[in-house]
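Take a look at these structures.
In the two complexes that follow, subunit A is the common piece, with subunit B as its partner first and subunit C second.
On to the complex of A and B.
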């Protein structure tokens, strides 16, 4: 009975954890799907957004909604900088150059954050002040619930943009075949830039929600977000948005259970082992890994 | 030479081994985020061989290179068919698994009244073979650069041979290379194993230079840095990775006026450089031009 209770509680925790992974995965996948490039500076850009919000909170005690706006805006600015310097110049080929350039900017953004705010850790206002919800013997954190809600809202909005607007049609055309889309008169570089901005905005929102749930920001948020976003995308089968959401939730569930039963080191080991095995075995839903 | 300069030069030499191992894969058309794992395997294996088993350093280095090659082949075997980013991700996942294994590795024995051996996240201290034998820092520097010179010479000879041509053919177009009768997968396995041995050689020397290693020495930062060194320096010649390491460690890290801003300068310079030279400073065209000019 105790085991069953643990399993249920872990599952609840896993879904909560997975909601933020799903958000990170969506942003990462948007960029990867359109550009076919891994943006290593994705996490550091949203970390900079969270730092900007933390600074605003310290300086003039801005409200949560204002902070969310600042995090999103700063992430878009940082994302646009990354896109101009790392991805716009390397449209064709040079995948290694684009990825290494985005790593170089990762280092740069991290140092900017640490120079602007040199303490290792800054407090961030809590997303929700009250205690957790209690459902029978189980507890659910309200901030996790809000993050899940945000993830669902972002998915719905993204679906509406992709399938109900002309811009979305253009984006899908570029994902299918960017050369053909260009020949059909779509301004492909512009689509790349707008998608990057959209992904950065989602990243900024994710960074805000994560910082407000943990009630703190550290420079580690950058690397952590890039890794989790990439893992969510990979587990979800590379390049599909619903896949990224499922991948994020799966990552959260695996981590929560493994953490409880095996401890933190084996939890991380298991996640990497799973990723490695998925890449090596390439089950049908990982179709993206066959070519590329 | 003062101690500081000695340290900088030794570090450049040590990191160049990993950067060269990343370079070897890059010219064969593969992107690895995991070379730090084999550097780590080399460091742990060589450290254990001298400090715990009492073996001489040359034997320890040899063992570590064999284990490095074996570890790399183990990672490559199930992932040989993956290309580009997917291979990169697989190597990253594997390298993180190795790092966690180093964290889980607890094996200490009594040596001369002292407990020696890897102690998980507490690290592995007391790898003192070099110091116990009175090898001065400048002598060790000479050993590191001698070995590096030897490796570079091997690379330069290899690149002018048939093997080098095959390697670049594989990097340019694996489909075509296969059609020309190259056993692509077997060849790739060999290249990956060689790169693992090379990284392990660097790791073995690193462990004996530092006398102390810990799992986080071998995290993704080292892997991406070595990739960056190879790419900044240039993919046209094996001197490229060395140039990349010299530029970062020798020029930027050593310039004290950049203190605190190093990553801002380095990061911006790398990104900008790659815009204009996506295959690095000494890329294939530049190397051809230099060769025509000076030979």
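On to the complex of A and C.
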């Protein structure tokens, strides 16, 4: 019975953890799906958003909603900077050049954060001040529940945008075949820019939720977010948005169970082992083969 | 209607078009023939704005369009049915048609019905993903998608490529019908025999240059075919 209780509790924790990974995975996948480029500066851009919010919180004790708005807005600005500098000039071919450029901007954005706010760690207001919910023998953190709700809302909104609007039609056309999309009369560079902004906004929200549930920000948030987003995308089959959500949840579940049963050192090892196995074996749901 | 002058396009250092000049008259079917690697697809992609020319001019309806991006070319009234069709595979047939009319903000219902009337099989498959269609159906969808922008000039790059003979007949019947309904068509074809049956004018292209221009009667068909496949120098 104790084992079963552990399994249930870990699953609850894992889903909560996975919700933020799912958000990161969606943002990463949107950019990868549309541009066919891995944006390594994705995490650092949203880290800068979280830093801007932390600064606003320390300077004039802004409320949580305002902080979320600041994190999203600053992430969009940082994302636009990355898009203009790394991806707009390298649109045709040169995938490696764009990726390396995004790596350089990753370093640069991290330096900007550390120059602006030189302490390694800054406090971030908690998403929820009260204690956890207790359901029978199980405990659920309220901030985790809020993160999960936000992730569900973002997925629903994104679905509506992609499948119910003219802009969404264009985005899906560009994902399917960007040359054909141009020939159909779609302004492809403009779609690239708008998708980048959308992905950055989702990333900014994820950064805010993560910072608020950890109650702190450090420059490590950048690398951490890029890694988790990329893992969620890859586990979910490289380029599929529902896959990124499932990949994020799977990553959260694996981490929660592994953490409990194997300890924190083996947790990350297990995740990367699984990723290696997936990339080596390429099971049929991995669409990566099609994208090259 | 379309007039191309001294157009040169290169991929890096490789010149694919070396000064191409040709005209397409309004209301005509004009055909471009030539062996593989002659630069036919490059010419189509340059007119459609996918490739930027190194020099030369492309005038359409009295204004210069060379160097404009693809979406601006569509706005001017030129639509390309690309080689290998390039339908949007994960989108439905109906969504593919809607994407073809992306520039337009008016009601598309009548145009969708017109495409469905021309290609009844697309209507049956309206809600199906385009990637699941047969090659012939995808070709019809690619034509329908291009028509959705209400082009004044329709460019078609190898519409019969890889299709079964019966389907090829159907595609050429469609081309003749579109022409009868008033469309101007500029067609690249490997199937010289079929192309010469529908075209009023044709150009031969070899190694990046136009080497012959005439009416289907002006050169014996077997001579045209020989040069279209093999080039005149061999």
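Here are some notes:
As a working rule, the second predicted complex is superposed on the first by the 289 of 292 C-alpha atoms of A that agree within 3 Å, B and C clash if a C-alpha of one lies under 4 Å from a C-alpha of the other, contacts with A are read in each partner's own complex, and residues count from 1 in each chain.
FYI, a residue touches a chain if its C-beta (ideal position, glycine included) is under 8 Å from a C-beta of that chain, and two chains touch if they have at least 3 such contacts.
What you see is a predicted model; the values in this text were computed from it and never measured.
In the superposition on chain A, A:184 contacts subunit C only, with no contact to subunit B. Of the two partner chains, neither subunit B nor subunit C is touched by A:62. Contacts of A:85 after superposition: subunit B is touched, whereas subunit C is not reached. Legend: residue contacts after superposition of the two complexes on their common chain; A:230 is shown touching subunit B, with no touch to subunit C.
When both complexes are overlaid on chain A, the residue A:176 reaches subunit C alone and has no touch with subunit B.
More residues of subunit A lie in touch with B than with the remaining chain of the pair subunit B and subunit C.
With both structures placed on the common chain, the touch criterion links A:95 to subunit B but leaves subunit C unconnected. In the superposed pair of complexes, A:279 makes contact with subunit B only, with no contact to subunit C. In the superposition on the C-alpha atoms of chain A, no part of subunit A is touched by subunit B in one complex and by subunit C in the other. Taken in their complex, subunit A has these residues touching subunit C: 166, 169-170, 172-173, 175-177, 179-189.
Put simply, subunit B touches subunit A in their complex at residues 26, 31, 78-79, 82-86, 88-90, 93-94, 96-97, 100-101, 103-104, 220, 224, 227-228, 231-232, 260-264, 266-272, 274-275, 278-279. Of all the residues in subunit C, the ones that touch subunit A in their complex are 48-50, 69-71, 74-75, 79-80, 82, 86-91, 95, 98-103, 145-146, 149. Interface residues of subunit A facing subunit B in the complex, by the touch rule stated above, are 38, 40, 85-86, 89-90, 93-112, 115, 223, 230, 234, 238, 265-266, 268-269, 272-273, 275-276, 279-281, 289, 291-292.
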